[in-house]
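Across the two complexes that follow, chain A remains constant while its partner is chain B and subsequently chain C.
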Partner chain A sequence: MADFFAAFSNLFQIWPLTLLAIGVSLGIVVGAIPGLTATMLIALTLPLTFYMESVNAITLLVGMYVGGISGGLITATLLRMPGTPASIMTTFDGFPLARKGQPGRALGVGITSSFIGGLISWCFLAGLSPPLAKLALRFGPWEYFTMVLMALVMLASLAQGSMIKGLISGCLGMLFAMPGMDPSLGQMRLTFGFHDLDAGLKLLPVLIGAFAISQIIKDAVEIDWRPKMMSVSRRGIIVGFQDVKRHGINMLRSGCIGTWIGLLPGIGANIAAMMAYTTTKNLSKEPQKFGTGHEPGIVSAETANNSSIGGAMIPLITMGIPGSVVDAILLGALIIHNLQPGPLLFTTNPEVAYGFISSYLIANFIMFGLMLFAVVHIAKVMYIPKSYLLSAVLVFCVIGTFALGNRFFDVWVMLAFGLIGFGLEYCKVPLGPFVIGFVLSPIAEEHLRSALMMAEGNFLDVFNRPVAVVFLAVSALSLLWPLYQERLARRQREALAAAEPLCQNDSI
Partner chain B sequence: MDPSIAKRDIGLMLFIIAACIAVLVESWDLPPGTFEPLGSGPVPQAIAFVIIGLCLIILLRALITLARHAAPTKTEEQLALEAEAAASGFHARPWSAVAVLAFSGLYVGILYLGLFGFGVVTTVFLLFIILFLLGAAPVRAFLSLITSFDRAHWPAAKPAVIAIVISVVMGFGCEFIFTEVFYVDLPTG
Partner chain C sequence: MKTRLVLWGLSALSAAALTLAPGSPWQDGGAVAAYPEKPIKVIVGFSPGGRTDTVARLMAKEIKERGLLPQPLVVVNVPGAGSTIAGRQAVEAEPDGYTLIHWHHQMLIANAMGTFEYGPTDFESVGFTGGGSPIWAVHEDSPYKTWADLEGKLKAEPKGLVEVIGIGTIPHFVGALLAKEVGFETRKVAASSGADRSKALLGKHADIALFSAAEYTKWKGGGMRALIFFGPNRVDKINEVPTAKELGYDVVWANPNWWLAPKGTPQDRIDVVANALKAVATSPEIEEWYKERVLDPYWTDGTQAEKESLELLEKLKEAAKDIKK
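Now for the complex of A and B:
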């Protein structure tokens, strides 16, 4: 408890609080610009944090995370264009409500829901993280290996689009993490004769390439797209207590769904918002109103996407398993700052572990204040021509990657991964599993080899560890569940197709 | 599956399979572990085999799709998007992506060769790329403005002037901040 309060008191000093405010503001601005995402911003900021204390770096990045996810609601509401993928569901009701002449109300409902979603998941983050970290300390190599396996399989199977493509993406990420010196034996592998590859591919060039450069390439294709201006007033932006009470159950339910989805390794805020929105619609007495500017739709989507942030941080700080792509970057930030992510973080660096928790709470308050009072001005940034923005981002990508080790090799790697990322997305292969596979595969390999050393090469030893067996079973279920669903859907389609001629005959 | 995606899938999967074969060849001669049972080779090999297996499934599906559908069909969503784009007068510029990549490669190449300092190269690069992305109209208007001194050209030329200001400020500003504040050894030329 003393560490918890120490982290809070540290946050209320001028420098950390300023960093948090900068992080949230930048996150909101970037989230509000279609085409720029929180992932891109955090990946680009990471090199700048080399010169900061680890706690301050985490504070800045957490602020950006919260701001980035929240800022997406501005464009989702005013342009029907999600600033971040997390805001896709917000477009369904936010935009129609804004078009009905209530943009202030639509934004106000979204902002308040985001704030409450953040508070709900903070309760889970603060309450669950310390005991979970203690539990994770009992895990051995088999448990860790199977947990990483579960994370990758769940990520691939629950990612949007084809499960097989998700798996390919995850495995490709794992393969790209292999070149360089094998950490167990000191043996060089997969360097193809390039000595620059002896140290392996670094995380930052891969991340910046896959997320920032590929996005710039994609945006360059659509450079002529101009958003239609919509006048925004602050009328109705302050949501009263009665409104919060009216949407209370929806907020609580969506907050819990968001936190739970966030907790599952590798699944991001967009899936959380989708599940919460669908659940609210299914439970509603007026499902037909969803999609026409119905407030519960905005409430469920925004509460869930923001609450997923706190949920996703739980596996990150307790077990070192990223709950989403942004968390994979935060994991990289910990490694770059010479911190060991995982359960020991609470023991070895409590100021960092509790720094995550405290900065997440304060970031939500800052986000709420900034969005309520400055959203009208922030909304104007989405009209800045992308020609200026993309070019500036490109230069920052080059500087950030070069600063990593003053090597041009890293910059070439970044450009190559930009091309790879663009190619994969062009072929509808999700990038999330790729990055998480890249981050997690060294952990998985290390634990697999330790486990096999302990078991003298016997793979079947995994079945002597009940927790590992549970993780394996969940992995198998995650693989089979989409196949079962696909089969079910096919049967329904066939049944409908068979019923159609009968109906036509009846009508004749 | 959309036949156009099937075609893209075939190309990508063949490329990935070739890359995995290269990985298998490169890792085949790695010695087995001496102090531990696995060694350095089996993990990348296993991953490469899994990827090849998964790619073959996608390849098979794509081939079946292409055999079933002769002409590509557009989904309702695609048709709606195309209608919206046509209504707004927006046209995608696929070649912009290629040009951005080529410019970026050239920029990094010149920095790598150390022909000029970071500030100069970045300023020129930014100016080129911003003007390219803005299109020809602002550049033409800017040239007219400086040759004729006619104020009527100012609104159309304004983006080009902003591009010049941004390029200079960012080019030399970044050089100053990153070398003097963050102590990054940017190329000096």
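Now for the complex of A and C:
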């Protein structure tokens, strides 16, 4: 408990608070610009945090994460274009409501829901993480392996769009994680005698390539496109207590769905919003109103996408397993700062573990304040010509990637994965499973081989570990789930059909 | 045409500026430039924050503050592949004294394992600026209170205890050297980082793990108990832990902070750097700094450093034969 308060009082100093505010505002702005995502921003900021204290670096990045997911709602509401993939579902009701002459109201509902979603998942993050970390310490190699296996299976079955494409993407990601040092032989494998590959393909060059470079290529293709202006007034932006009460149940439900989806590795804010939206619609007495500017639609989408952030941080800080693509970058950030996320983080570096938790809470407050008072001005950044932005981003990509390991090989890797990412997206293969496969397969491999070394090669040893057996059972069930889900999905697909051309990518 | 003129003008100007600049080699009429006339790059094969990086940065800071060299040392982190990526960068660097690598005996292990084909003789040794040694720890609740307890169990029951190691890294080899000397066998489980090893030991998934003495002080009395120390002598902060040597086993792992230059770097330049490093490493404040971190402060010159490393390499190659079996 003392550590908890220490983290808060550490945060309430000029420098950390400034960093947090910078992070949130940059996040909101980047989130609001279609084509620039929070993933990209965080990946590019990471090299700049090398010489910061680790807690401050985390504070900055968490602020960006919260701002980035929230900023997307501005463009989604005013332009019917998700500023960040997480706000696709917000376009359905936010935009119609704005067009009916209530843009202020539409934004206000979205902003308030985002804030409340953040608070709900913060409660889970703060309440669950410390005990979960204690529990996770008791997890041995078998438990970790089966847990990661479960995550990979769930990822395939829950991923957006076609399961086959999700699987292809996931397997490709796993394949690219193979070259380098074999974790249980200490020998090089699949490096073809090419020593630059001895360290394997590193996470950040791959991520920056797949998410930033591929996006730049895509945006460059349509560089002259500019959104139409829409006049915005702040009228109706303040949402009263009565409204919050009216939407209370919806917020709570969507917040819990969002947190839960966030917890599962690999699927992030966009899926969370979709699940919450569909659930609310299915439970509603007036489902026909959804898609016409119905407030509950905005509420569930925005509550869920924000609450998924807190959810996704739980497995990251307690087990070192990223809950989303952004968390994979945060994992990289911790490792760069020589911190190993996992059950011991609360013991060895409580300031960092609780730093996550406290920054997340305060970031939500800052986001709420900034969005309410500055939304009209932020909305203008959507009209900045892309050519300026993209060239600056590209320069940062190259500098940032080089700085990670001080070698140019990483930059080539980044550029190559930019092309691969662009190609995959062009073929409508989602990138989310690719990255998660890339991140999780080394974790799975290392634990599986440790477990086998411990059991002297006996696979059946897994049945001596009850928790691992439960994870295996859940994995098996998840494989069967898509069959059942097929029917459900058909209905969802109809709802999505309208927004299909807007699905920019699968990143968050 | 115009641009060319401007360029000529600029280069003429900068040449003039160089000649007149204070401290420039031409100013005092000498033909030979004084080394170093530009910053010296120090490659570190690990991420910022670890021991190798911290010591490199400390040395760079002290050399600058004390004015021991006219130009700064600049630390560049090149992590990856058990620090061999950095090693290759150093091997391939120009041997002009402007590139150094700060490393440790992981180089010998990588060589013995066959993942790095270069050895001590492919570099010029500058010297050791101190070093540190590891311990073997068990969980605090473990029934083995002393080394004698553990040794009894290890000898009585081959492969009865689980030892967590990083394959092909220091913990693996130190464990193997001890096992060979004492005559026992453990069941080995892989865990890549120190954090993973502490997780395995504290979560009771393994019985024995190796940690650096500095890592151990974080857990001493709070989850772990060290039974044997691999340093040449006992050290203050963990004075209760006996050394392997006292217990009658010739296993010493004193992992040095090893400074190297690319093969062919002129000896007079190496001497300039070595003198600066030696002055820092042997100063009382730095000795205090080392002891605070359970490290051993000392200075070993390049010739001796290379000799010791070559001797150790032979031992490690022997151990590697068993390991790779």
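General observations
Quick note on the criterion: the second predicted complex is superposed on the first by the 483 of 508 C-alpha atoms of A that agree within 3 Å, B and C clash if a C-alpha of one lies under 4 Å from a C-alpha of the other, contacts with A are read in each partner's own complex, and residues count from 1 in each chain.
Throughout what follows, a residue touches a chain if its C-beta (ideal position, glycine included) is under 8 Å from a C-beta of that chain, and two chains touch if they have at least 3 such contacts.
These figures come from a predicted structure and were not determined experimentally.
With chain A as the common reference, the superposed partners chain B and chain C fit together side by side. Applying the stated contact rule after C-alpha superposition, one finds that A:N406 touches each of chain B and chain C.
In the superposed model, A:M52 lies in contact with neither chain B nor chain C. In the superposition on chain A, A:L372 makes contact with neither chain B nor chain C.
In the superposed pair of complexes, A:L185 makes contact with chain B and with chain C alike.
In the superposition on chain A, A:Q340 contacts chain C only, with no contact to chain B. Put chain B and chain C next to each other and count what each touches on chain A; the higher total goes to B. Of the two partner chains placed around the shared chain by superposition, chain C is the only one that A:G140 touches, whereas chain B remains out of contact. Contacts of A:M453 after superposition: both chain B and chain C are touched.
No C-alpha atom of chain B lies closer than 5 Å to one of chain C in the superposed arrangement.
Residue overlap on chain A between the chain B contacts of one complex and the chain C contacts of the other covers 182, 184-185, 187, 406, 449, 453, 456.
Within the complex formed with chain A, the chain B residues making contact are 5, 8-9, 11-12, 16, 20, 22-23, 26-27, 30-31, 33-41, 43-44, 47-48, 50-51, 54-55, 57-58, 88, 90-94, 96-97, 99-101, 104-105, 107-108, 111-112, 122, 125-126, 129-130, 133-135, 159, 162-163, 166, 170, 174, 178, 182, 184-186.
Remark: chain C residues 47-50, 76-82, 84-85, 88-89, 113-115, 162, 167-169, 172, 187-196, 198-200, 202-205, 218 touch chain A in the complex. Of all residues in chain A, only 48, 51, 162, 164-165, 167-168, 171-172, 174-175, 178, 182, 184-185, 187, 189-190, 192, 213, 216-218, 220-226, 228, 385-388, 390-392, 394-396, 398-399, 402-403, 406, 408, 411-412, 415, 418-419, 422-424, 426-429, 441, 445, 448-449, 452-453, 456-457 touch chain B in the complex they form. Those residues of chain A lying in contact with chain C across their complex are 50, 137-141, 180-188, 195-196, 198-200, 202, 335-338, 340, 342-344, 348, 405-407, 446, 449-450, 453-454, 456.
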